Each structure stands twice: as structure tokens, then as C-alpha cells.
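Quick heads-up: structures coming right below.
Across the two complexes that follow, chain A remains constant while its partner is chain B and subsequently chain C.
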Partner chain A sequence: MEKNYYVCTGCGLLCDDIEVESEKDKVNKVYTACRIGVAHMKETRGEAKFLVDNKPVDEATAINEAASILKNARNPLIFGLGTSTNETQKIAIELAKKINATLDDPSSFCLGPLAEALIQDKLKTCTLDDVRNKADVIIYWGTDPSDSHPRQLSKHSYFPRGSEKQRGWEEERTAIAIDVRKSHTAKICGNYFFQIPPKGDTEFIDALIAGLSGKLPKTSYNYPPKKILELANILKGAKFGVIFVGRGLIYSLENLEPLFKLMKILNEKANFHLIPMIGNYNTMGFNENLFAETGYVNSVKFENGTVKHGPEYSIVESLKAKTVDAAIIIGSDPLSILPRSIAKNMLEIPVISLDHCETLTSKHAKVYVNTAISGVESGGTAIRMDGVKVNFEPVIETNNPSDEVILKKIMEAL
Partner chain B sequence: MTNAMELYQMLPKTNCKKCGKTSCMAFAVALMARELTPEDCPPLKEESKYKENYEKISEIFKPSEGATETGLIVHEELCFGCGNCVVACPPNVANDPYGVGSGNAPKNVNKLVLTIEDGVVKAQNLEECRRFGKNKILCNGCIVTCPVEAIEFV
Partner chain C sequence: MDFGSFLAAPEIKVKVITYRDIFQDKAMLENRFGEEYRNLSAVIKLDPADLKQLSVKKGETVILKNSFGRVVVKAEESGYETPHKGIAYMPKSPWSNMLVSDETGGTGVPKFKDISVTVTSAKGENVTELNF
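Take a look at the complex of A and B:
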């Protein structure tokens, strides 16, 4: 019997082998998915809610209120979209053009620079399937997939047998963790865990490049040169190496130059690829869609047909400088994730929140629409963290409108 | 995990042979192999001067009461369903190489030892586990791959 597999949209991995037992509008049992995925899929709840000033209203009132907020705004901010489908993101870009909005997503303070470099082909990358089939040296740098993407190691990188790696992890793969703390992933890497001090990544990269070039690796924090040389030797011998880069590394670097240098020398001595560890399931999709439309991956401002780009149009800087006078937040919770000094400026402007769960942002929003859970109650397409397009169908049927439908209606109301 | 030498240190060390073994060391080894229980050593159980040691040894073997026949215990509250053990388990790979062996959903659930259900690992078909039966070997594939020590053998 051919089984019906669903795609889990709980994180950037988009696992496509999830079995679900469900009734009409309820998920009863989830197989193969990790705890994050199970919680995400079982999150379903009753009817959709439309709130204005935290009071229930009907759909039309909420949409009209949202439209009038956007209409009256001089420079509205559209933010979020990391957990929306490609289709929704394209509508959001259209909406941004129409209302001359500032458009940004969480990648502006996460892995945006890296996504941009990958989209522009500045770094060598590969798909997660290549990793499973070929990779022999796997580095987790500034990332802890065991906690953030639980099935990363078991489904894609270290443990599974692949077409060219049939003997598995014990004999044919080496997993290396470079991190500031002994994370759960570092524990699995055992002796190949390299603990560096916070902000020590740039120096460690320089030392590693020195080691790869046959020089004595030196760091100001006196990392044992022997260990760095040992690491350099493993990397030199890699036939198909992968570096999974997380926010730990990106936050520590001033710019991506050291990483470019490292990738260049690694590809002279061996064969190395880089994959970003993206958290939200479709942040990569947003970056690609916006890049196709404007040539930038995030932090843009549309103005009468022209596009401006710069850090001043990111959510952090625009809220700090109070240049935006309204906000529509789609599937994100900036009030919780941004620093308080910046997030508090959001309380001064009218906010529209489209989210499938109640968040701090939705509680302080002028208009809140409780949308369908993308990937569970509504389908679409998304881009996985390695750039592979994934289609998915809804797992269960509900009447809850998707964020795509709501955005379309807001567009019409405008 | 304790070893036979540690158990031996807690035994009376008189080699009285009341347990049927030739020495206290032999008894310790039998304890480790789960052939005998702490109650099988009469002096340890009855004499008051060994009371403390008896309680200690009993404590060590207590968790095994709730264990499966291979001694496998899953701490569900720790497990987060990463599936490392499922993919690394040798019988799982042998029985389902293109399913769980390749990191995918199981294709042959009936023969798998470990599966993920509702985000938590579930042990089943223990006759397939390499720790089961006469020719058992002390495989630790699922333990060393677990990032949170949610699987334990007692």
C-alpha cells in the first residue's frame, strides 16, 4: 500500500515523510516527526477569530479596519512571512508595492547576509540530499540542530545511509561541532567538538586557514595549535565536506569576508559546501522571491515604483528611528523576539497581526486575524533551507482562512 | 552504569557459597548478567551489618523492574524525537535499509525496534534488538547517538 506522506512545516527542514492519523479537523497521531513537528501539527484549534482592539468582530470589519490602517499610513511596515508560503509572500510583495511599504523579514537580523551570498552564487552550496548521499565531513558551526532542527542529523546529515555512504556514520562520516558551548549536537560529535570563546570565530577561522596552509595556527585565546592542525588535516582529507552555518557564527562575524576566505581555501585543498541553518520554514523562500523581484533579499522600501534598500529599512532600524507609522506582521512575533528598547516603539503604532497562534504581538495588535496554520490547514509551496522547492498539501480541512486569503482580501479592500 | 567489581566491593566477600556460586566475585558477575538477584545472597539479605550495602545494591537493580526484556528504558520526558537512535539502530537498518536506514519514514514498521510516535521514541519488537536472546551483544547504537540520554539499558 502506498502511504500518504505529509510535509512538516515546523522548521526549515520541511521533512516530507510524515505520517498522520487525523479526523476531519483534528490531528490525532503523528509518526516520524520530531517533537517540534508534532506540536506544530497538533496545534489546531476551533474556529478562526477576528479581533479588533481585542474584541471579536466579523471578518469584513477586521479586513476593513486593517485596510484603513494601511491606507492612512504614510510608511507602513510589512514584516514576518518566514512561516508563509511562496504564494503568500508574492502577494505581500505586491501589497508592499501598492502601499509604498517597508518590507522586511527575520533574515535581516538572522542569516540574511548568508542567504544573499548563496542566492548570488558567491558560495558553493549543495542540497541536503547530496549531503546524505555523499558527505564525509560535516561541520556544525555556531548551530545546534539537535535542538533547533531535531531531524537534521538523523534524516539528512550524519546518521543516514546514502547512496555513496552505505556504511553509515561510524565508518564513513565525521561530524565536527564548533560552538561556544557544549550543545546537544556537540555531544554527539564527541572528540571533534571545538569550543571557542564568544566572538572568537574570526580568529578561529584565521587560525584554521593558517593550519590549512601549513603555518602555525595562533589565536589570542591560546587555542591548542595541535587541535586546530588536527581539524585542518581532517578538512583537507574531505571528499565532500559540508559546513552548516548557524546564527552563532554569523552574529560573531563583522562581515562574511572570513567565511569567503575559508571556503576559498577549503575548496582549493578539498571539496566543501555551505548550507545555512534557517529556522523558519520559508525564510529562504522570502529571500529568493524578493531577490527575484527587487534584487535584494530583505530590508527594502518601495516608493512609487522604485525600490530602496539598506539597513535603515530593516525592522530593527526602522522601529528604532520610528520611520514607520503602521505595521502588518504576518506569522511572526517581533514584540517577543526583538530587544525591548526597540520593540516598545511598536506599541506606539497601529499593528495588524496575522498569525495562527496568539502571540505577544497579536495581543497588542489593533487588528488580529487568527489564520490557518500554513502546512497543516493550508497548502502551498516553500523553499527548504538548501534551496529545494517543496510542495505541500493541507493535512486537515478547516474553514480557517489562510494568510494568503486574508492578504488578498486586504488588497481588494484597498 | 555499574560494573561487577563495584558490586563485588559491596558484597560480604566471604565466599560462603550459600548462593550456589563458587565465590562472591562469581556472584557479582551473575548479578550483572541478571541471572541472580541481590536476594539470592543470604548473608547480604539477612545480616544487619550488610544492611546498608544490601539497600544500595537493591537500589541499583531497582530500575530494571520497569524495563523491557532487553533492559531498555526510554525516558519519554527527555526524548524530543530527533530519531538518531532509529536511524543508527543496526537491526533497524538491516530490516529497513531504504526506510529508516536512509533517514526516511519507516517502510517496514513490523520489524523495527525503535520508531518515533508523536515525537517520542517507542521501543517495540524487542526480539530484534541485538541485546535480546542467547547470542546477545552489548550493542549501544541507540545510547551513544542520543543527545539527551533518553535511552538507557539497565
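Take a look at the complex of A and C:
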């Protein structure tokens, strides 16, 4: 009997081996997925479909109100899209061009610089399938996939029997964690957990480079040189190494230079790849789609056929400087995920929220549309965190419109 | 009236590092306005020595305060073997975001994992409600 496997859009791993038991419009049981994946696929929704000023309206009224907000804005912000398909993202880019909008996604304050470097081929990377089949040395740096991407270790990196790694973690793989706290992933790494002080990453990289070059590794926080040399030796022996990089590392670096230097020397001495630990299921898609269109991965402002780029066009700086005068938020909740000291400025502008669940942002929105759960109730394509394109079908049916449909209708109403 | 009530409540300064927690993420997906999500989010994990200095028992509430905000959360012991006095941990959530600085140096990137706060006993005050 042929089995139907679904894709889980709960995180950037896009696991493609999910089995479900479902009725027409309800997921009853989910197999294979992690704790987050199961919760994501069984998410329930509020009853409200279209709200204006928190009062129920019909679809046309909500669309017209949204269009009117965007029409009247001098510099509207389009933000979110990390949990939208490539198809939706491309429509959002078109919309941004049409209304001269500022366009950004959460990568501007997450792993955007890393995604940009990878898209521009400045760092050597590989796929998660390569990691499963070949990797012998795996570093988790400033990331805790056991909590953020729960099946990463079992499906892709440390535990699986890969085609060239049949003896798996017991004999053929070494897992290393470098972090400021003993995370669940660090516990799995046992003696290969290197705990460094907050903001100590740049110095640790320099010390590791010294160790790889046969010099004495020194840090101002007196990390035992013997331990760094031991780490350097493991890395030098890697036939297929990979560094999974999380926000813990990126937030600690002033820029990516130390990482470029480390990857350069690692590839002189051994064979190393880097994969970003992207949280939302299609942030990489947004970065690639916007890059293809503009040459930038986030933080852009369209103006009569031209495009400007810089941190001043990120959501954080736009809200802080109050340069945007309306916002359409797609599948995101800035009032929850941004510092309150900055997010509070969003309360002063009219907001359109497209989301499958009520959020702080939707509660304070002028217009709210309860959209289909992307990946569960609507399908499309997305780019996995390692750059692989994944197609997915909806698991169940819904009467709620997808964000793609709503964006198209808003475009038409404009 | 006992003598202790005339003393200022002990106050300590800590650096807060935020992190992801799978149980909290799952609770958010199920109901981001629910009790389980609040219980797993509005939490600060402290070194036992810091808890002792605050005269706060684990499970009691504390006030976290800096120039960007004030929030009441539950104090817990971190459970880490290595002592980390002066460093505390919070799951990433709207509660930790109430304390994040708006200073970004124009980079667009807030210091989500680098938060300085003072901690005092909340003397029974309830955990801050999720609202704006």
C-alpha cells in the first residue's frame, strides 16, 4: 500500500516524512513529527474570519479597508512572510513595488547576514542530506536544535545511519556544542561541550584559529588552551565537517569576518560546511526570492521603480524612527517578538494582520484576516534552511483563504 | 510590625540570556494566551546563590526592572551544575521582550540575548499579564 507522506511546516527543517490521520477539515493524529510539529499540525483557530476594528465583517469589507489603509499610506511596511510559501512571498514583493513599501522579514534581526553570505556563495555549505550521509564532525554553535529544531539530530545530523556513516554516532560521528549555557543539545555532546562566556565567541574563534595554526590559543577569559587544542585537532581530522550556526553566535559577533576566517582555515586543514539554523519554515525562501528580485535579502524600500536597502529599512529601525505610517503583517506577531520598547510604536499606525491565529498584533490590528494555516490547510513551495526546494500539499481542507489569496485580492482592490 | 519590614528588599543585578524551549514553543502553538504558555514563559532561572541573596524561594515571583520595562515573573533554580551567579536565563517570549533595550546602534538588531536587569522579590505580586 502506498503511503501518503506530508511535509511539516513547523520549522526550517521541513520534515517530509509525516503521516497523519485526518478528517476533511481536522487533523486527528500526527505520526513521526516532533512535539512542535504535532502541535503545529493540530493547531486550532478562532472563529473570527474577517475583522475590522475587532468587529466581524464580510470579506469584501475587510479587503477594501486593507486596500484603503495601504492606499492612504505614504510609506507602508510589509513584514513577516517567514511562514508563507514562495508563491505568497513573490506576490508580497509585487505588492511592495506597487505601493512603494518598505519590505522586511524577521531575518533582519535573526540570521539574515548569514543567509546573504550563503546566497552569495561566500561560505561553503551543503544539504542536510549530505550531513546525514557523510558528516563525521558536527558543531552546534550558539544553537540548541534539541529545542528549536527537534528532529535535526535524529533525522539529519548526529544519530542517523547515513549512507556513508552506517555506524552512526557510536563510532563515526563527533558532536560538539559551543554555547554560553549547557543546553539540551550541549548535554548530548557530553565532553565535547565548550562553554564560553557571553560575548566570548569572537575571542574563542581567534583562539581556535590559533590552535588550528599550531599557535598557543589564548583568551582573556582564560579558556584552557589544552581544551581548545583538543578541539582544533578534532576539526583538523574532519573528512566532512559541518557547523550549524544559531543566533547565539550571530548576536555575539560584530560582523561575519571571524566566521569567514574560521571557515577559510578549516577548509585549508579539513573539509567544512556551514548551515544556518533558520527558525521559520520559509525564511530562506524570502531571502532568496527578494535577492533574486533586488540583490538584497531583507530591509528594502521600493520607490518608483528603484530599490533602497539598509538597516534603516528594517522593521526595527523603521518602527523606532517612526518612518512607516501603516503596516501589513503576514504570519508574524511583532508585538510579541520585538522589544516592547520598539514594538509599541506599531500601536500608533493602522495595521493589517493576516494570520491563522489571534496574536497580540492581530488584537491591535485595524483589519484582521484569519488565513489558512500555511502547510496544513494550504500548499505551495518553500526553501528549506539548507537551500533545498520543497513542495507540499495541504493536509486538510479549509474555508479560510490563504495569505496568497488575500494578498492577490488586496492587489486587485488597489 | 517586625524589623524586617523596615529594610529595603534585597536587590541584585543580573544579565539575562534568552533561549528557546521546546515545551514553551509547543504551548504557544496550542494557545499563546493560555496559562501553560504563561507558566513556561514568564520565568527567570537563577543561580541558587542569587535566589538566596534575594531571600526568594523557587516558585515565588520576582520583579525584573530596567529603564526599558518592568515585569513580574516566577523565579526558578536553573539546575545547571556550573555556578553562574549574576547570569540568569529566560525563555524567549513577550515577557523577556519587555526588558530588551531599544538601543540598536542603527543596526536593526536588538540585543535580545544581552539584557541587564535588577531583581527584587515581588512579595506575592502576580505574574505580569500578556497585554499592551
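What we mean here is this: the second predicted complex is superposed on the first by the 409 of 414 C-alpha atoms of A that agree within 3 Å, B and C clash if a C-alpha of one lies under 4 Å from a C-alpha of the other, contacts with A are read in each partner's own complex, and residues count from 1 in each chain.
The working rule: a contact is a pair of C-beta atoms (placed from the backbone, for glycine too) under 8 Å apart; a residue touches a chain by one contact, two chains touch by 3 or more.
Only a predicted model underlies this, so the values are computations on that prediction, with no experimental measurement involved.
Asks: By the touch definition at the top of the document, which applies to A:Gln120: first (chain B), second (chain C), both, or neither?
Replies: Touch status of A:Gln120: no partner.
Asks: If you stack the two complexes on chain A, which partner ends up touching A:Lys3: first (chain B), second (chain C), both, or neither?
Replies: A:Lys3 sits against chain B, while chain C stays out of touch.
Asks: Who does A:Ser146 touch here: chain B (first), chain C (second), both, or neither?
Replies: Both partners, chain B and chain C.
Asks: In the overlaid three-chain picture, which partner chain does A:Asn54 touch, first (chain B) or second (chain C), both, or neither?
Replies: In the superposition, A:Asn54 contacts neither chain B nor chain C.
Asks: Given the touch rule stated above, what does A:Tyr31 touch, chain B (first), chain C (second), both, or neither?
Replies: Touch partner of A:Tyr31: chain B, not chain C.
Asks: Which partner chains sit in contact with A:Arg340 here, chain B, chain C, both or neither? Use first/second/both/neither.
Replies: After superposition on chain A, A:Arg340 lies in contact with chain C alone.
Asks: Check whether A:Phe159 is in contact with chain B, with chain C, with both or with neither, and answer first, second, both or neither.
Replies: The first partner, chain B, only.
Asks: With the two structures laid over each other on chain A, which partner does A:Val180 touch: chain B (first), chain C (second), both, or neither?
Replies: Only chain C is touched by A:Val180; chain B is not.
Asks: Between chain B and chain C, whom does A:Asn233 touch in the aligned arrangement: first, second, both, or neither?
Replies: neither
Asks: As a test of reading the superposition: which chain, chain B or chain C, is in touch with more residues of chain A?
Replies: Counting residues of chain A touched by each partner, the higher count goes to C.
Asks: Just which bits of chain A does chain B share with chain C as contact spots?
Replies: Looking at chain A, the two contact sets intersect at 34-36, 38-39, 146-147, 150, 184.
Asks: Could you list, by residue number, the parts of chain B that touch chain A in their complex?
Replies: Residue positions touching the partner: 79-84, 86-88, 93, 97, 101-106, 115-120, 145, 147-148.
Asks: Would you pull the chain A residues touching chain B in the complex into a rising list?
Replies: 3, 5, 17-19, 29-39, 132, 146-147, 150-151, 153-156, 159-162, 168-169, 184-185, 187-188
Asks: Applying the document's contact rule, which stretches of chain C touch chain A when the two form their complex?
Replies: Its residues touching chain A are 15, 17, 19-23, 25-26, 29-30, 32-33, 68-69, 80-82, 84, 87, 89, 93-94, 97-98, 100-102, 104, 106-114, 130-132.
Asks: Along chain A, where are the residues that touch chain C in the complex?
Replies: Residues of chain A touching chain C: 10, 34-36, 38-40, 43, 108-109, 144, 146-148, 150, 180-184, 195, 198-199, 247-248, 251-252, 299, 311-312, 314-317, 320, 333, 335-344, 347, 357-360, 364.
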